[in-house]
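You will see subunit A twice below: alongside subunit B first, and alongside subunit C after that.
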Partner chain A sequence: MSIPTQTKASPPSRTITAVLKEYAGLLIPIGVVLFIIAWPTITGKDISREAMFTVLLSIALASSLNILLGYSGYVSFGHVVFFGLGGYVGFYLMSVHEWLLWPAMAAGGVSSGLLAFLLGKAILRLRGGYFALATIGINEAIRAAINNFTPFGGPVGMTLNFQVYKNYGGASEALWLSFYTLAAMTLIVITVSYFVRTSKFGLGLLAIREDEDAAEIMGVIAPNAKTWAYVLSAIIPGVLGVLFFFKNGSIEPLPAFRLHFSIEMIVMVMLGGQGTVLGPIIGGLGYQSLRGFLLTSPIFKNIQLAVAGALLLLIILFIPSGIVGWLRKRVPALRRVLR
Partner chain B sequence: MDFLLASLIDGLLLGFVYGIAAMGLTLIWGVMNVINLSHGPIIALGMFGVYYIFSALGIHPYLALIAVAAGGLLLGGLIYFVAVHRVIDAPHLSTLLATFSVNMIIIGLGTAAFSASPRNVDFTLGSFEIGSITILGTRLVAAILAMFVTGGLYLFLYKSRYGRYIRAVTDNRDAAELMGVPSVRILALSFGLGTMLAAISGGLIATFFPFTILAGGSYELKSFVVSVLGGLGNPVGALLAGLILGAIEGIIPTVLPTTWVPVLEFVLFILILLFRPQGLFKTKSS
Partner chain C sequence: MILQVEGLGKRFGGLQALEDVTFDLPEGQILGLIGPNGAGKTTLFNNISGVYTPTAGRVIFRGEDITGLKSYYVARKGMARTHQIVRPLKELSVLENVMVGACFGQYDYKLGKAKEIAHEVLEFVGLESRIDQLAGSLNVGQKKRLEMARSLASQPNLLLLDEVLAGLNPSEISYMVEIVKRIRAERGITIIMIEHVMHAVMNVSDRMVVLDYGRQLAEGTPDEVSQNPKVIEAYLGDPKLAEKLMASGGE
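Moving on, here comes the complex of A and B:
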C-alpha cells in the first residue's frame, strides 16, 4: 500500500524551481499585484493609496470580465450592470438595514451572480454583435428601472450616514480597510482566473471562442459552460460595486451604470491581452497610468479622451492580441511562463 | 384625448427623425456587419454643423443640411479607411472597439473645441393649429425632409448602379468582387452613407432641441432600439420602427411618468433581440 503513495509523492527531479516554473503563470501575476498592493506602504502617501485603489479596481474588474470576454469570446458590452446592481443591493442593505460591509458585499455578489444566471441562458444564445447589443440593452433597462425604483432612492440614489464608518474605526481607517479588502478580492479574482484558464472548463471556453459549433460536436456543453463563465465574471463586479460605493459614501443611477466604464474594462482587457491571466493586470495598470498621465499633462489635458481614443485605435489595428499576446508571439521562451 | 393625440403626433414626427438616424446604423450593419459605435458623436457633429453654418454664416438651416450631409459622407469614408478597413474581417470585438475609439476621438476633440455648454439653433417656423392640436413647424418640416431622404436612399439603392453594387456586396462580398464590383470602395461608400444619415438626423434634431457634443449618445441608443425593432440591416424597417418608437414616446407619458419610457423601450429591445432577432417586419425566410 505504501508503494503507490511513494511514487505519487513528488519525485526527486521535481525541485522547487520546477514547481515555480509550472506555476509561473500564477506567480508572476500575483507578484505584480502584490507589488501594487505594497506601493502605498512603500511611498507612505495617502494619495498613492487612492491611485492604487483605482488601479486594483480596474485590474479586478478587467480580470473578471476576461473570464467571459477573453476565454469564451462573448463580448459583454454592458458588464457594468453587475457592478451597479451589486453595488445598489449592498448599499441598500448597508444604509437602510444597517448591515456591515462584508455581508453586504456577499449580498451584492450573490445578486449579480443570480442576475447573470437568469440572463445567461436567454441572452447567451445570441452571438457576436447581437449579444453585445443585448448586454447594452440590459444595462440601460436596469438603469432606467432603478431610476424609477423608490426604495433605492430613484434618480437621486442613496447616501450613507457618516456615523456608519465608526463601525470600522473611523473614516480614515475605513479607507485603508477598503483598500485591503479590494487587494484581497483582486488576488482572489486572479487565482480564479488562473485556475479557470488551466482547467478543463477553461479549455471548453477557449474551444467555444475558437468555434462554438465545433466545440459542441467535441462534447463541450456550450450553453452551460457559457452560463457559468458569465456567472463567474459577474460575481466579483457585484462584490466590488458594494465596496466602491461604500467608500464613495453615496450611489446614483448614472455613475453606477455608466456604459463608458464598461467599455473601459474591455479596453483594459484588450490592451493587456485578452484570454490571458496577466493581460488584464498589465492592461489595468497601463490604462490607469496612461490616463493619469494624460489628465495631468499640460499638453494633453484638454484632449485626453481623443489621445486615449487614438492609442486604442492603434492597438486594435496593429496589436489586436494585446501586450501579453504580442510578447508571447514574439518571444517563444515566454510562452511557458506567461499565461 | 386631445392631449393624447397631440402627444402622439409629436412623437410620430420625431419618429421620422429617429428612423433616418437608425437607417444609417442599420445600413452599415447590413452591408458589413459592423455596429458603428461612433454613430452618436456623428449625430452630434451634424447638430454642430447646422449650428455653426447657421449662426456664423447666416445660411438657412435647411440649406446648411446639404453641407452637413456632404460632410457626413466624406467623414464616413475617412473613418472607414482609417479605422474600419483593417479590421473588417476580424471578430466583432475589433470593429466595435475601433468605432468606439473613433467615438472617443470625436468626443475628445469636440469637447475641447465646442466646450460642454448647451447650444441652441435660434430658428423657428412657428406652429400650426389643427383644431385644438398644435404642431411645431420645424418638426413637421423635419418629418417631411426625413421622408425625402428615405425616398432618395431607396432610389439610390434600387435604381442606381452604385446602389446595385451596395446590394451586391451586402449579399455576398466575394461574389460581388468576382463580378468586378470594387468592393472596398463600395464598403467605404456604404459607411459614408450611414454616417451621412446620422449627420442629417443630427442636423434636423438641432432645429428643435438644444444640444451639447454629448447629445448624440442618447440618440445612438435609440438608434440601436429602432434598428433592432426594424430588423438589423433593413433600412425600410428602420423607418417604420422609428415611427413605432416615436409613437411609444408620445403615448407612454400620457399614462405613466416620462421616466418609464426608457425602461419600456429597452425591455422591448431585449425581447425583440431574444424572440424576433430578424426584426418586426421580416419573415424568417426572406
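Moving on, here comes the complex of A and C:
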C-alpha cells in the first residue's frame, strides 16, 4: 500500500490527476452527456434540441434500466410501465389538480418506485425468462386497467389546458425548460448509476447477476438487494414520464405503455454495454442516431423496428457485453477508466 | 460446542435423503465427513447452511437455533462454505469475488476494509498474482482456491469445505491440505470437510462422521472409523485398505 504515501508527497497537480483518474468512470460519462446537452446551443437550432431531447430521454431511461438489467442481471421487459404509470399520475395531478411540473414529477417518481417495491416483493423471486414474462404481463395489465379507469380519462386519456404553459413563461419557454429539466435528470441518473456501480450495494448486485445462489451463500440478502435495485431503476422513468407527457400536452394509454419502447431500452443497454455506467449513454446515442438515419432513409423507414430487432440479435450473438464491455475486455488499460 | 446437529432429517418427496443425523462439533476441531457418492453429504451441508430447510431435527450454531434460517442470514452469523462444483462470479475479478465474501459476511465490512482483507486472504491461498484476472479465466485448481479465499474473507467461525481436493493433482492436493491445516492453526476456524481423498481427510481430521444412504453409519476418530466393521463393509470394502490409506497419509 505505497500509493497513498506517494500522492501525499507529490505536488498538488499530481493529486488532481489522481482524483481525475479515480473518478474517470464518472467524469467521462458526464462529459459525454454535457456535450449532448450543449449541442442545441452550439448549433442554435430548435430542431437539434428536439433530437437531443429524444437522445437524452433514451440515455436516462436506458441508464435507469441498466441498474436492474446490467447490475443485477434481471431483464425487465416491461420497464415502460414505470414511465407510463408515473406519467399518468403526474399528468393527472397537473391537469386535474393544477399541480406544478416539479411536484408532479416527484409524485410520478414516488408512485413508480412504490409500484416497483410492491412488484419486487411479488415477482422478483422469479428468475430468468419467467421474470421477464411477468414484467410484460404487468405492463399489459396496468395498461388495460388504466384504459378502464375514468378519473384518468379511460381510453381517451387526458390533455393539458394550453394555459398551463403560461406558468412557465409560455409554450416555447416550456420546451426549453423541459429540455434542461431532462438534462438535469439525466445527469442525476448517471451519477446514481456510477455510485451504485462502485458501492458495496452494487457489488452485491453484481454478485447476484453472476450467481444468485453463490451470492446468498456469501451473505448477500438477495431479495432485498434486488427489490431496491428495481425501485431505483423505476423512479427516474416515473419522473421522466411526467416530464415527457407535460411537454407532449396529452397522454393516452397506448403511447404511455408501448411495449416496443421497453424493447428499445433493452437494445440501447445491450448495444452500449450492460453493467457499465458509460454503456447506456453510448447505446442511447448510438441507437437514436441509427434510428434517425433509418427513419429518414427511403429504404428502411418502414422497417426501422425490424432493424432494431436484428440489431439486438446481432449484439447478443457477437458482442454480448456491448461496445463498452467489448472495449474493456480488449484493452485492459481502459478498465480503470471506463466504468 | 460451536455446532450441534440433532436428529436432522430431509425428505424430498418419496426420497429420504437424510435421516436422524446427530453430532456435536467442539470449537477448533476439524470434522471429516465421508461416505459413498449419494450418501447425503452435500445435502447435509445444504441443510446446515440454510440452502434447504430440514424436514426434521434441529441445527444449533453458536448456541442459537438456526434451523430453516435462510442461507444469507446463516452466512452473517459466521458460517461460510465452499462448493463441490466451483461457482466463481465469472465476470468479476478475483479481487472482487473475494471482496463479496468480506463485505457480506458476519462483520459487514465496508469496501475499503474488504479490499484489505481480500488482499490478505488471496496471499494466504496463493492467488495474489491473479488479483485483476477475471474469475472465469482461472483453472480448476485456482478456482478451488478462490472459493476458499472467498469463504475465508468473511472471517467465519465455522467453515464447510465441500470436496476442495476433488479434481486436483497430487501437488495441488498437498498444497491445499496445508492450507486447511493452517486455517485451523493460524485462524482458529472450526472446519467440516467433505472429502473423497481418503488419506488426506483421515490425516487432517480430528473426528469423522460417516454417512451412507442418508443415515449416520459411524462417528469417531479416524482410527475408530477406519476400523469400524460397518464402515469397512459399506464404504471401504477391503479391511486392509484402511490400513494402507492410513499409512500413506501418515508420511
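By our rule, the second predicted complex is superposed on the first by the 319 of 339 C-alpha atoms of A that agree within 3 Å, B and C clash if a C-alpha of one lies under 4 Å from a C-alpha of the other, contacts with A are read in each partner's own complex, and residues count from 1 in each chain.
Here is the rule we use: contacts are C-beta pairs under 8 Å (C-beta built on N, C-alpha and C of every residue); 3 or more make two chains touch, one makes a residue touch a chain.
Just so we're clear, the structure is a prediction, and the values are computed from it rather than from any experiment.
Among subunit B and subunit C, the chain that touches a larger number of residues in subunit A is B. In the superposition on chain A, A:Ile221 makes contact with subunit C only, while subunit B stays out of contact range. Once the two complexes are laid over each other on the shared chain, residue contacts for A:Leu312 go to subunit B alone; subunit C is not touched. Once the two complexes are laid over each other on the shared chain, residue contacts for A:Gly128 go to subunit B alone; subunit C is not touched. Of the two partner chains placed by the overlay, neither subunit B nor subunit C lies in contact with A:Ile42. In the superposition on chain A, contact of A:Asp213 is made with subunit C only, not with subunit B. Contacts of A:Lys200 after superposition on the shared chain: subunit C is touched, whereas subunit B is not. In the superposed model, A:Ile299 lies in contact with neither subunit B nor subunit C. Shared interface residues of subunit A (contacting subunit B in one complex, subunit C in the other): none. Subunit A contributes residues 199-200, 203-204, 206-207, 209-211, 213-222, 275, 332 to its touches with subunit C in the complex. Per the touch definition, subunit B reaches subunit A in the complex via residues 29, 33, 35, 82-83, 86-87, 90-94, 96-98, 100-109, 111-112, 221, 224-225, 228, 232, 257, 259-260, 262-263, 265-267, 269-270, 273-274, 277.
Taken in their complex, subunit C has these residues touching subunit A: 49, 51, 70-73, 75-76, 80-81, 83, 87-92, 96, 99-101, 103-106, 110-111, 114, 132, 150-151, 154.
Listing the residues of subunit A that touch subunit B in their complex gives 69, 73, 75, 77, 122-123, 125-126, 128-130, 132-134, 136-138, 140-141, 144-145, 147-148, 155, 263, 266-267, 270, 274, 302-310, 312-313, 316-317, 320.
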